[in-house]
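First chain A sits with chain B, and in the next complex the same chain sits with chain C.
Let's look at the complex of A and B:
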């Protein structure tokens, strides 16, 4: 299954037509959890993503183990106890810009978009719709979004002893700079 | 008897303090500085990528969470968000590299696309590329 997803992403790239597809392997996703007890932040600079400007489809994937925390122990607990990253090593989003006509990929500007799709984390897939921006720049595309997800929705169990320290919902930030394929 | 009780109280107090100190210490432990730790493996970027491409399961159990010193030719340099830097190393597959995320955004000047370098990092696994994190440049440009 893992291999199939990797392969499909690669196939999308390999058989791409002209500059209708943009990709990056150096995208950024972070998440932030705030409680009165403490703030927890993790960052991942190895996000792979593809956008097809002809139909607005996009695919993002990350390795859970590429998320980094300020404290080593948090990273260990995140991987071993909450995300079970040995069992579920990847998170994937597959979606589509809902109103593709609102973006002119020929004209440098920032466009507000809504992207709908399926997000898979910890072997649970959910429908999600997020607001974000697509910025058309010379020789590339930038995509930014912020949205909220709840660990509970993805069957991620937080032990009672740290429940006060980890927020019910976390804010996810995505910053991508795509190059034409 | 009284003296025993006193000793017991003192010993338990010491234990509690030591426990709290240890807890505090582990809680605040930062990620390891890989510059100071001996790698588990020395491999070339081509070799590392080939292991994952040929047998991902075997490569995962061999390399993931291990400290790897990988040597290869720089194919791409990408400044990341929040003071990080991604360096890609060439492999035999044009669509797949070894991507190393450095903990510092400051690169030695002599390192650019085409440089042959060694980087030490922790292997996170394989997406379309082999991914290394918490990386430091070891020995700089050769």
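Let's look at the complex of A and C:
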């Protein structure tokens, strides 16, 4: 009998953990580079992400080849020359909401949060902290953020001939809508 | 009871230890396998003289200017060939991601040419595995030099020639790509009865990337039915060696070749120079790509 209670407790525990997870496979990430010469923009609609509301942990996974540019040639150069996406196919973010208590996942509202974690691009991992919002909506979560990263920090070299066309820092926009798992 | 407690503790530990890896697994499990198409087998739509399997994506216009100078062995008086210049320019456009067309004009025999290139298969991995990319190339050329004998009845059709190629390429790794190009050239009019109207050749080419933006390329065509013992003008197998240099929207191709012509009918069928005799032409191709129509954002996702 005791064993039975134990088992059912375990089952409940597992259940409650999984119910606190929200996931998406078609989140949106875009980046934007502005120089007086040229604006470059790329968009990715196939970002996978998951949030665990019990501890505020989150993981994002981005296929580099799913970034699409307006110009096909730019996309080719992005993959071939800069990101080397055959060698390093994914960018990954693993992080955590720092002030989890400020978010009430039971109440529909928009909350400002700070997320800290490790971002891995082009085989370089960096610590990063970004400000963003989490919006609790009926049957899901929305997460938005904007932050700046420098290609140079991720060992992405920009040759002299195109240095006028590619900005030193690019603005990254993240728009995610998660569904419960 | 103890056993249950233990199981409970272990479960707790597992959950707390592997939370992030667990989340990662959740993502990986839910990710369906996709077909990944191989991109950039070659930097340009030409390996050297001949076409590569690459084509212009839809809405992109490639403006190409190519030069071949005179023969290196013409000596210092001709500045090793640089005093003579043979030009070809063309406009080439991607109608869809698998169909491109082009028109060009070359000073060699004052020739106008037009071509279509179809991308039939693309090398891919993942869900759909395809070991090679295959393109089909077909062109027509019209030479417009004044008739050598205006007295006789001359037909416009005598000016025409046709070329077809099957292009089969594989990007073996990031740096190394190879291509085989079985080729066929038909000339409507040839100088003598002994010259074949139909020419068959097997082409082979490849590239090795030296840096991310520079590659070493080579290309060779083996003529299958050209017999110099009876042809009015001896012809040789074209061999071209050079570099691709890519700078943003431009690709520069520097080239050393024994052919003067820059279209299939000419370099496959009418290469009269020999490397061993120093009949080498220096030349270059410049490719500048313009985006005429922006791609719809979701075209690739379909």
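Following the convention adopted for this analysis, the second predicted complex is superposed on the first by the 164 of 181 C-alpha atoms of A that agree within 3 Å, B and C clash if a C-alpha of one lies under 4 Å from a C-alpha of the other, contacts with A are read in each partner's own complex, and residues count from 1 in each chain.
Quick note on the criterion: a contact is a pair of C-beta atoms (placed from the backbone, for glycine too) under 8 Å apart; a residue touches a chain by one contact, two chains touch by 3 or more.
Values in this document were obtained by computation on a predicted structure and should not be read as measured data.
When the shared chain is aligned, chain B comes close enough to touch A:62, but chain C does not.
In the superposition on chain A, A:83 makes contact with neither chain B nor chain C.
Judged by the touch definition given at the top, the superposed model places A:28 against chain B, while chain C stays out of reach. After overlaying the two complexes on the shared chain, residue contacts for A:52 are found with chain C alone; chain B is out of touch. Touch criterion not met for A:149: it reaches neither chain B nor chain C.
In the superposition on chain A, A:175 contacts chain B only, with no contact to chain C. Residue contacts after overlaying the shared chain place A:94 against chain C, while chain B stays out of touching range. Legend: residue contacts after superposition of the two complexes on their common chain; A:141 is shown touching neither chain B nor chain C.
Chain A has more of its residues touched by C than by the other of chain B and chain C. Touching of chain A by both chain B and chain C, each in its own complex, is seen for residues 2-3, 6, 9-10, 13-14, 25, 43, 45-46, 48, 61, 65-66, 68, 70-73.
Only residues 2-3, 6-7, 9-10, 13-14, 17, 21, 23, 25, 43, 45-46, 48-50, 52, 55, 57-59, 61, 65-66, 68, 70-73, 76-77, 79-81, 84, 86-87, 92, 94, 159, 161-162, 165, 181 of chain A touch chain C when the two sit together in their complex.
Of all residues in chain C, only 1, 3-5, 7-8, 11-12, 15, 19-20, 23-24, 26-28, 30-31, 36, 39-40, 57-60, 174, 212-213, 246-249, 289, 291, 294-295, 297-301 touch chain A in the complex they form.
Every residue of chain A that touches chain B in the complex is listed here, in rising order: 2-3, 6, 9-10, 13-14, 25-26, 28, 30, 43, 45-46, 48, 61-63, 65-66, 68-73, 75, 89-90, 175.
The touching residues of chain B, when paired with chain A in their complex, are 26-32, 56, 60, 64-65, 78, 80-82, 84, 86, 88, 95, 97, 99, 101, 124-129, 131, 133-134.
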